Amino acid sequence: MNISYRLADIAAQLGGRVLGDAEARISQIATLEKAQANQISFLTNSKYRTQLAGTRAGAVILGEADAEATDLPRIVSDNPYAYFARVSALLNPLPEVRPGVHPSAAVGAGAQIDATASIAAMAVIGEGATIGAFSVIGAGCCIGANAVIGSHARLYPHVVIYHDCVIGDNLIAHSGAVIGSDGFGIAMDEGRWIKIPQIGRVVIGNDVEIGANTTIDRGALDDTVIEDGVKLDNQIQIAHNVRIGAHTAIAGCTGIAGSAVIGRYCLIGGGARILGHLQLADHVEIAAHTLIGKSIREAGSYAAIFPFGKTEDWRRNAVHLRHLDDLVKRVKVLEQELEALKRK
Amino acid sequence: MNISYRLADIAAQLGGRVLGDAEARISQIATLEKAQANQISFLTNSKYRTQLAGTRAGAVILGEADAEATDLPRIVSDNPYAYFARVSALLNPLPEVRPGVHPSAAVGAGAQIDATASIAAMAVIGEGATIGAFSVIGAGCCIGANAVIGSHARLYPHVVIYHDCVIGDNLIAHSGAVIGSDGFGIAMDEGRWIKIPQIGRVVIGNDVEIGANTTIDRGALDDTVIEDGVKLDNQIQIAHNVRIGAHTAIAGCTGIAGSAVIGRYCLIGGGARILGHLQLADHVEIAAHTLIGKSIREAGSYAAIFPFGKTEDWRRNAVHLRHLDDLVKRVKVLEQELEALKRK
Amino acid sequence: MNISYRLADIAAQLGGRVLGDAEARISQIATLEKAQANQISFLTNSKYRTQLAGTRAGAVILGEADAEATDLPRIVSDNPYAYFARVSALLNPLPEVRPGVHPSAAVGAGAQIDATASIAAMAVIGEGATIGAFSVIGAGCCIGANAVIGSHARLYPHVVIYHDCVIGDNLIAHSGAVIGSDGFGIAMDEGRWIKIPQIGRVVIGNDVEIGANTTIDRGALDDTVIEDGVKLDNQIQIAHNVRIGAHTAIAGCTGIAGSAVIGRYCLIGGGARILGHLQLADHVEIAAHTLIGKSIREAGSYAAIFPFGKTEDWRRNAVHLRHLDDLVKRVKVLEQELEALKRK
């Protein structure tokens, strides 16, 4: 990679205030620990200032509070972490893709593929599907009939989008993601499960990222909805008729059961479970590995994790959980008896 | 979609008792809240009667207890939820598929594909594999050598079935499902793991549905077995040599460890974990996010979930779990001392 | 399968001591319960000797302690479980694959595919990728640009490896595994998430096995590293910049958050969660469904599982967890008051 920029160039594009040598030229971004002389690093928290002292980076991004903590050429930003993200994007542009349809791809009748879009090898585009401008459909992706994908999408290999789903602009979807599979809808009838057709769609807003092997089921009757700016990590399961509010971020392995409604700007930790038909307010944070079994009406941070310990300690303590109600009753009896004794 | 039916037509096909205008014509099914005049809705629980009062649906499905709760044209059924499923299937038939093998598919030597089956683009059918009548193999699916798939299967894009697996009729498998991957069999020998070949198969009965990105490992020596009518949601992991009893339904993200035997008509909540070599009786219900660490011999409902709370409350309470055994001992000492005091 | 071996042949290849008829010929391996006369079985634990008494196996593998527990032709080994694994591999060689590139595969410019390697139907090999000697790339696999795969790899259908990842020899990767997807790196800026480019790679050592639908994210700046001999079951999520020490084995559905460092020879149970930036020492064992929220500096076994019970019992007990801190305070008050009473 031969891209390089002077600090002055970067600040001209991204803002921020340059201190020290604005002619310093950098070509990559790296951690304080590993950065070399032609690389820029970043300090997002003053408590890591000791690492700053030892860095061999050629330049550094930092906040106002740390502006004078080094003599290195530097860019001062209100939000050095976001600035780092922007510099990294500048230094690491996505690889160019050639517009057009790879000869091995299969395109169904009536599909509308923008001339600037790129369809990779082995991809299958269903009948009547629409692929927007500058969108990149990776190798082996399958786009269902009449699905609509906006502009500037980037689908890595082996993403599957089922028929009729509608997706906004700037989607990033990683390999193995499945969008629009049938929700888990079954009805028991005389000892057998009957399938409930899943006739809703998945509707996804703009600026959404979906991790590898994440699954989003289509709605049973109405749609499953992922609002603008939602970020989903890997191996998340979103059941039918869920709605995820704008700018909510969900870490890997989380499962959200049917018809749950998640607010905006929520942060959900890895492996969390949200039961069906619940509602979470905006700005709710859920700890990793926590099951949420009731709606949460108030912003804030919620958790439910059994603290780990050495197995023998855990076992000695955990056994009492089966008798906690008895313990509480014993304490109540003690309180009453002690009160009686005191009165004597 | 231009399909429409009179209520009289529906009842003629599916049974049930029509009240009100049997000539009312409906073309889709929808919730009480969203249904329009040309749509039928359903009431499965009397407690939602207020929604019934406000619906704009053209007709409604309901149970005997609610038969007179509306003046709308209606069909009365013993099981309105199952009836709804059947009406939806009537109004939303699966899209027609063309029999035959797409020119881009790769079919191995000796594969037997029924003339009524459909093999989509980019699918790979292994040597000696068998695809039954009216089965639909979606785009990019891979069917291993000598695998057998019965009739009326519907495999969505990117299902993988490994060699030698045997599957009954009416399979539905969603994208990313993997059937027959190697079980996790390793033996430690002088500081290195040796792989234990997984020479069993996966054997699946009739009328099974498998969710997106669900994985079912082949047996180590004997087979992994999924009995008739089992319904598996997305992202479930079934380890080697598990047996799942007929008509059991398992919600998403559940993991079942090796050689566990699950009974018939069990209901397993999302994110549950069943440890290896356990046995669960028929008609066992497991709550979401619950680990089952011992066999369950008796039908019934079982759970183990840490109740969530605000993080500061949770932390204040949870810390005591590491000392629960001490607390129990302290209560015992209190009881003894109080008893001694009372005796004085 | 017509392979068969005399016990003498097996011992000549794999070591061990033959007792009884060394000419006994066996053609498959099976459990004590199911083995037939032409099959060999194994006893790995003396407590199953009663099964040994009833077996119809033609021969058996066992340890020194059980060497005289049967009259059957037998092979005595120090490690009968590992010996069983080796015998099974001998009797169940992998199917032969034809070297060469299937005509339907798409190979990018500059890709280097060893002449002994096999590229199956619909596979896509990126520009500049390297596939080592005797490696088998299954149907529909996608290998990213400039990725390097060593020798003797076996990729089952639909494995995706992103660009620039580097993999040692003897990789086994099951269907749906995704290696090198972007880590979950986002920075909040004025109400919107900005993507942090993930410019690290995934670097995998020799002798690694990766289960079906497991995902391993590429590093944000530095690499994600999987050391030699690591064994990963299905549906595991490995976040960016994780390092997994050599010969660690991880069961299915486990999630490991970003930058966690796992030691060598660890054993991690199914559905466990390891939070980000933690360190686990060598030889740490984690129970299934356990969240690890702090670094573990000492080898040993750790757990955190809420014990399950009948739902009504669980509910009666669990409700007190929200008031455990109060209970502890009440016990403290009781202790103080009782002490005061005793002093009177």
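As written, the chain order gives the labels A, B and C, with residue 1 at the start of each chain.
Rule of thumb we're sticking to: a contact is a pair of C-beta atoms (placed from the backbone, for glycine too) under 8 Å apart; a residue touches a chain by one contact, two chains touch by 3 or more.
Values in this document were obtained by computation on a predicted structure and should not be read as measured data.
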**OP:** Count the residue numbers both chain A and chain C use at their shared interface, divide by all numbers used there, and answer same if that is over half, different if under half.
**Re:** different
**OP:** Please state the rotation angle, between 0 and 180 degrees and to the nearest 5, that superposes the Cα atoms of chain B on chain C.
**Re:** 120
Original post:
Cα centroid separation between chain A and chain C, in whole Å?
Top reply: 26
**OP:** Quick one: which residues in chain C touch 2 or more of the other chains?
**Re:** 104, 122, 140, 158, 176, 213, 235, 253, 271, 305-307, 309, 318-319, 321, 327, 331, 334, 338, 341
Subject >> In the complex with chain A, residue positions of chain B that touch it >> reply: 28-31, 34, 79, 81-82, 84-86, 88-89, 92, 95, 102, 104, 120-122, 138-140, 156-158, 172, 174-176, 207, 209, 211-213, 229, 231, 233-235, 247, 249, 251-253, 265, 270-271, 288-289, 305-312, 314-315, 318-319, 321-325, 327-328, 331, 334-335, 338, 341-342
Original post:
Given the complex with chain C, which residues does chain B contribute to the contact?
Top reply: 104, 106, 122, 124, 140, 142, 144-145, 158, 160, 162-163, 176, 178, 181-182, 184-189, 191-197, 199, 213, 215, 217, 221-222, 235, 237, 239, 253, 255, 257, 271, 273, 275, 285, 287, 290-293, 300-307, 309, 313, 316-321, 327, 330-331, 334, 337-338, 341
